[in-house]
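Both of the next two complexes hold chain A, though its partner changes from chain B to chain C.
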Partner chain A sequence: MTPGLLGGIALIAALIFSVLGLVLAVLAYTLRDGRYLEAARRLSTLGLMAALVSFGALEWAILTDDFSVSYVANHSSAHNPLWVKLVTPWAALEGSILLWALLQTAYTWLVSLRAGQSLDVWRAPVALGTLFAVQVFFFAVMVFVAHPFDAVPNPPPDGRGTNPLLQNHWMMAVHPVLMYLGFVGLSVPFAYAVAAMVAKRFQSWIFETRWWTLVAWGFLTAAIFTGKWWSYEILGWGGYWAWDPVENASIIPWLLATAFLHTAQVQERKGLFKGWNFAFITLAFAATVFGTFLTRSGVIQSVHAFASGPVGAWFLLFLLGVMAVGLGLLARVSAEVREAGEVRWISREGALLAGALFFGTFAFVVVLGTLWPLVVEIVSGAKVSVGAPFFNQISIPLGIFMLLLMGIGPVLPWRNTSAQVVRNLAAMLIALGVGTLLGFGLGLTLGVSFAIGLFAYNLTAIWLMVAQGVRERARSLGISAGQALVELASSHKRRFGSHIVHFGIALAALTIAFSQTYRVTEQKTLQVGETWQTRGMEVRLLSIGVREESNRFAAIAPIEVRSTSREGWGSDGRYQTRLNFYPQMSAPLATPVVKYSLYNDYYFVLMQFDQEKGQWATLKVIVTPMVWWLWVSGLIIVLGTLYILWPGGARVPSRQMAPTAGD
Partner chain B sequence: MRGSRWLVLVLGLWLWAISLAQPTPNTPPPDFSPRVFEIARELRCPVCQGESAAESNAGIAVEMRRIIAEQLAQGRSEAEIRQFFVERYGDWILYEPPARGLTLWVWLSPLLGLGLLGYGLWRYLARTRARAQTAMAEVSEEEIARLEAELSRKP
Partner chain C sequence: MKPKYIVGLLVVAGALAYLIFGGLGQNLVYFITPSEYFQQIDRYQNRPVRLGGLVKQGSLDYNPQTLELRFVVTDGVKEIPVRSSGTTPPALFGENRGVVVEGRFQGETFVSQNLLVKHSETYQAPKEGWTPEQVRKLIEETQ
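Then we have the complex of A and B:
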């Protein structure tokens, strides 16, 4: 058996299992028979196994250079290093849909393990049915439209090679998988929401859905940060976020999932906001499909659209289907959900709702901004661009409000405001003022000074929350402060994890303000041996050489950098700036050399070189402050999420509902 | 060193072969000050997919940076340089859409979004509050009536 045949058969098997699973789930729901549910659960295991076999077959074909398989012939090469071959399945459209489908079957399988237990027998068939329906879509797209295992009649001796942008950095092995784990992960909350709406269990779904959403959110966050890292270290422009359509596609579900994670607490606590939570979850899942449609259909061009193809129309249909199911059910449900209750704005729930308002608005702005050039072209025929300068400016006021709310929210109590709370708020405002003035004192711009103030404000909020909880517990139980901290941190994982995540967000905002304001780019042509004095550095071009590597040519210009003043502190070293030439690309690909330091990042790019005599080279130098800390903040956010999700501690709903000492 | 020179030559030829579409002359590009990149970052690279003229290495983006540097050297202002490109390519070249006509809506989108969502939230909260109050009043009246009926029937 060839890998192509095995993969194709496994794909068809997976499609059949998915259809059968869907049918059985529907039967289980309509006939109210547990045996059908049990059969559907078993089919999710079979679906996962078939998808694994299919994915394994693709890896097998790539690793053995089987160019009779179209995907391998088009997107791989016998000369690729082993790690590139291993990650080639998600380097183009068909393979990434296969990865998506594989992860979908894995999530379906995980959900099936809970069916009949924490997921009650009324909701389980609907949730599983929804996930099977999603699976049917992906496997059908592969079988009928974008088949990864299409046979090539006359196999070429070598493939066309993998997209060089993806081969250039090991991060490409990690980033897409994380992104799909996040995107696909949002299908589970959607399935739970559909199940809750169909089975009319409007309250109980929220606890487990929150957990699933946080899983997906953690993966999405990790994916967004690794994407920024890749963009920074590969694309050679010194930035990490360009508000490109693909990037926007990843941030929209993230914003909506974040909104849900906050409003879900209001529902847990007060039973309010049910309809809004259904809507947020539906829109978050729809946004993942929307993003895929946008970037895979060729409707909108992007640097990151590695995998365009004929699937656009299908994804549009799927998107419409998801929206119709989610919002259709919601319309029916909202007539039945009659919530009653009062919300005061100056309280925790008020802050949570205001936060959701801003997350929702941000998502709305990103959707509108991304689509607007299309709308304008359709309406008036004119071409316009909506890009980074617009989004950056709009993010500033929205970001400021969100950072202010992030500090206030946890400090405000659910109910009555006490003198303690007023004192805390005063301390935070003082920190805001002092931080801003400190920035001014250092001669920073207004925006950056205010960012320092906001960072101090949020740090103070977290400090007050933790310190007051620890002090109270230490005093009442007569234990040491350290012990009280450990006990509180392990018994209130959600609360402490959210403090960690909020700290990471505050740090990220600070680094973004610094790096966006003070980034400097310069370009100069140097003769071999010449020294360039710039930004507190001495940059000397040592030589120019050429190297042939298995999958590419490289022009290498080693440089020596010495720091001459505080501005260039940490830049010292010898660096190999290089331009990579890939046979499948017409233009060379610059690979920047990045030297991180605790404050400034130094970024050296070889732009051009003397191709005849090797006497000169053109270098671009980019100096950006604090980007290293942005990666640190991403790590902190992910670790904080992991801390909340880690089994044990307060994950039992009944304990979440109980008033806690930390509150 | 001799060997690497030779390799450079071979590479040069090979490069020439693959880049026939956009031949790059073997002359060093001019030096660019930070301001050139600041201006170029706001301009779209016309042939690229979502890259600005500051980022792209495509021939036309390099040319745009060269033009910006030249015009800066001539003492032109940032606005004048931007206008220069708008005259040639239209508003499309600007990554920041002008705040007029159809693209004014993009600038208003945060207010629009806040307004719509805020209005929805306000209406929702008003309804739940009203329901909480009427529910309490209704239930108590009903309850009272039923209780009184029950009480009067008993003896």
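Then we have the complex of A and C:
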């Protein structure tokens, strides 16, 4: 059997299993018969196995250079190194849909393990049925429109190769997978929401859904940060975020899922905001499909359009289907989920709702900005693009409000305010003022000074909350503050985890303000041996050479850098700046060398070199402060999320040891 | 709903609308060809524009020592001189190839802040006698 045949058969099997699973789930719901549910659960296992076989067949075809498979012929090459071959399945459209479908079957399988247990027998068939329907869509797209295993009648001796931009950095092995894990992960909360609305069980779904959403959110966050890092390390312009449609496609579901994570807490505790929660979850999942539609259909031009193809119309239909199901069901049950009580704005729940509304607004604005070129083209026929300045202009005020709320929200108690809270707020505002003035005193710009103030303000908020809890516990139990902190942190994992995440967000905002304000770029053509004084550095071009590698050919210009003043601290070293030439491309790709230090980042790019005599090279130097800390903040956020999700006997001991512990 | 909530909501919605539509109006970057520029010269003065066209044969002048780049963008009918300083021609940049230049008009010359040449492996040079519309389509497709 050839890999192409095996993969094709496995795909059809997966499609059949998904259709059967959907039918059985529907039967289980309508006939109220547990045997059908049991059968549907088994089909989710079969679906996962078929998808694994199909994905394995694609890897097999790529690893054995089987160019009779269209995907391999179009997107791989016998000369690719092993790791590039391993990641080639998600380097183009058909393969990335296969990865998506594989992860979908994995999530469906995980949910099927819960069916009949935490997922009760009324909701389980609906949740599984929804996930099977999603699976049917992806496998049908592959079988009928974007088949990865199409046979090539006359296999070429070598494939066309993998997109060079994607094989220039090992992040290719990490970022796309994380992104898909996050995107696909949002299908589970959607399925739970649909199940809750169909079965009219409006409260019980929220606990487990919050957990699933947090898992997907963690993956999305990690994906967004690794994506920033990747684009920073590879694209050679010294930035990490350009408001490109594909970047927007990743941030929209993230924002909506964040909104849900905040309002879900209120429903868990107070039973409020049921309607909001259903809406946010539906929109978050729809946004993942929307993003895929945008970037795969060619409707909007994007630097990420590696994988456009004929699937746009299908994704549009699927998007409309998801919206229709989610919002249609919500409309049907809207009378039953109406709020029972009034929400006070100056309370924890009020702050959480306001925060969620900010996230929702932000998502809406990003959608609007992304789609605006289409609107203008339809209305006036002019070709326009919405520049990054628009998004920056909108996201700065929204971001400031969100950072302010992020500090206030957790400090405010549920329901009402007290004198203690007013004192805390005063302390936070003082920190805001002192931080801002400090920034001014150091001669920083207004925006960056205010960012310092906001950071201090949020830090103060977290400190006050932690310190008060620790003090009370230490006093009442007569233990040391350190012991009280450890006990509180392990018994209130959600609260402490959210402190960690919020700290990470505050730090990220600070680093973004610094790096966006104080980035400088210098460029110069140097003769070999020449020294260039710039930005507190002495940059010396040592030589220019070339090197052959299996899949490419590289021009390498080693440079030596010495710092001469404070601005260049940490830049010292020898670096190999290079331009990579790929046979598939007629022009080279620059690979920047990045030297991180605790304050400034030094970024060296070989722009051009003397191809005839090898006597000169044009170098670009970009100095950006605090980028390293942005990656640290991403890590902190992901670790905080893991801390919340980490299983452990968190709740039981807290009840035993401190029956009165508030929160 | 109480009237004070409605008033608050309207204020927020108004602020948001101002922010969005004011921002969108100012930050729209028009994508034009040289012919389109000459149809509405005033409209495109002093605002960010993406100028698309081909680098005219024989017009490219680059000095690697001073990093000064000059060339002429044409769509087969009209031509616009472009000046760009402190840059390096990006990959795939060359005569008779499609280019998108981001910048502003300063009088007769277009001053570029950014050169965009999207990577296409299936590029074909335009042939004699193409209409601007065909050239534009070619540039859009090769992006």
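Going forward, the second predicted complex is superposed on the first by the 648 of 663 C-alpha atoms of A that agree within 3 Å, B and C clash if a C-alpha of one lies under 4 Å from a C-alpha of the other, contacts with A are read in each partner's own complex, and residues count from 1 in each chain.
What we mean here is this: a residue touches a chain if its C-beta (ideal position, glycine included) is under 8 Å from a C-beta of that chain, and two chains touch if they have at least 3 such contacts.
Bear in mind the structure is a predicted one, so any value in this text is a computation, not a measurement.
S.K.: Could you look at A:G545 and tell me whether it touches chain B, chain C, both or neither (first, second, both, neither)?
M.R.: Once the two structures are laid over each other on A, A:G545 reaches chain B alone.
S.K.: Classify the contacts of A:L235 with the two partner chains as first (chain B alone), second (chain C alone), both, or neither.
M.R.: first
S.K.: Using the superposition on chain A described above, determine whether A:G482 touches chain B (first), chain C (second), both, or neither.
M.R.: A:G482 sits against neither chain B nor chain C.
S.K.: Determine, under the contact definition given at the top, whether A:G573 touches first (chain B), second (chain C), both, or neither.
M.R.: In the superposed model, A:G573 contacts neither chain B nor chain C.
S.K.: Quick one: is A:M607 in contact with chain B, with chain C, with both, or with neither? Answer first, second, both or neither.
M.R.: both
S.K.: Which partner does A:V365 contact after superposing on A: first (chain B), second (chain C), both, neither?
M.R.: In the superposed model, A:V365 contacts both chain B and chain C.
S.K.: Please identify the positions on chain A that touch both chain B and chain C, taking each partner from its own complex.
M.R.: Common interface on chain A, chain B vs chain C: 301, 303, 361, 365, 368-369, 372, 376, 382-387, 389-390, 393-394, 397, 523-525, 586-588, 590, 607-608, 610, 616, 618.
S.K.: Considering only the defined contacts, which chain A positions touch chain B in the complex?
M.R.: Residues 235-237, 239, 242, 244-245, 272, 275-276, 301-303, 305, 338-343, 353, 357-358, 360-362, 364-365, 368-369, 372, 375-376, 379-380, 382-390, 393-394, 397-398, 520-525, 544-546, 548, 553, 555, 581, 583, 586-588, 590, 607-608, 610-614, 616, 618.
S.K.: Using the touch rule from the top, collect the residues of chain C that touch chain A in their complex.
M.R.: Answer in residue numbers: 16, 19-20, 23-24, 26-32, 48, 50, 64-65, 67, 86-93, 118-119, 121, 123, 143.
S.K.: Where on chain B is chain A touching in the complex?
M.R.: Answer in residue numbers: 4-5, 7-9, 11-12, 14-15, 18-19, 21-22, 24, 26, 28-34, 36-38, 41-42, 44, 48-52, 54-55, 57-58, 90-97, 102-103, 105-107, 109-110, 112-114, 116-118, 121, 124-125, 128-129, 131-132, 135.
S.K.: Which positions of chain A touch chain C when the two form their complex?
M.R.: The touching residues are 165, 301, 303, 361, 365, 368-369, 372, 376, 382-387, 389-390, 393-394, 397, 523-525, 584-590, 607-608, 610, 616, 618, 620.
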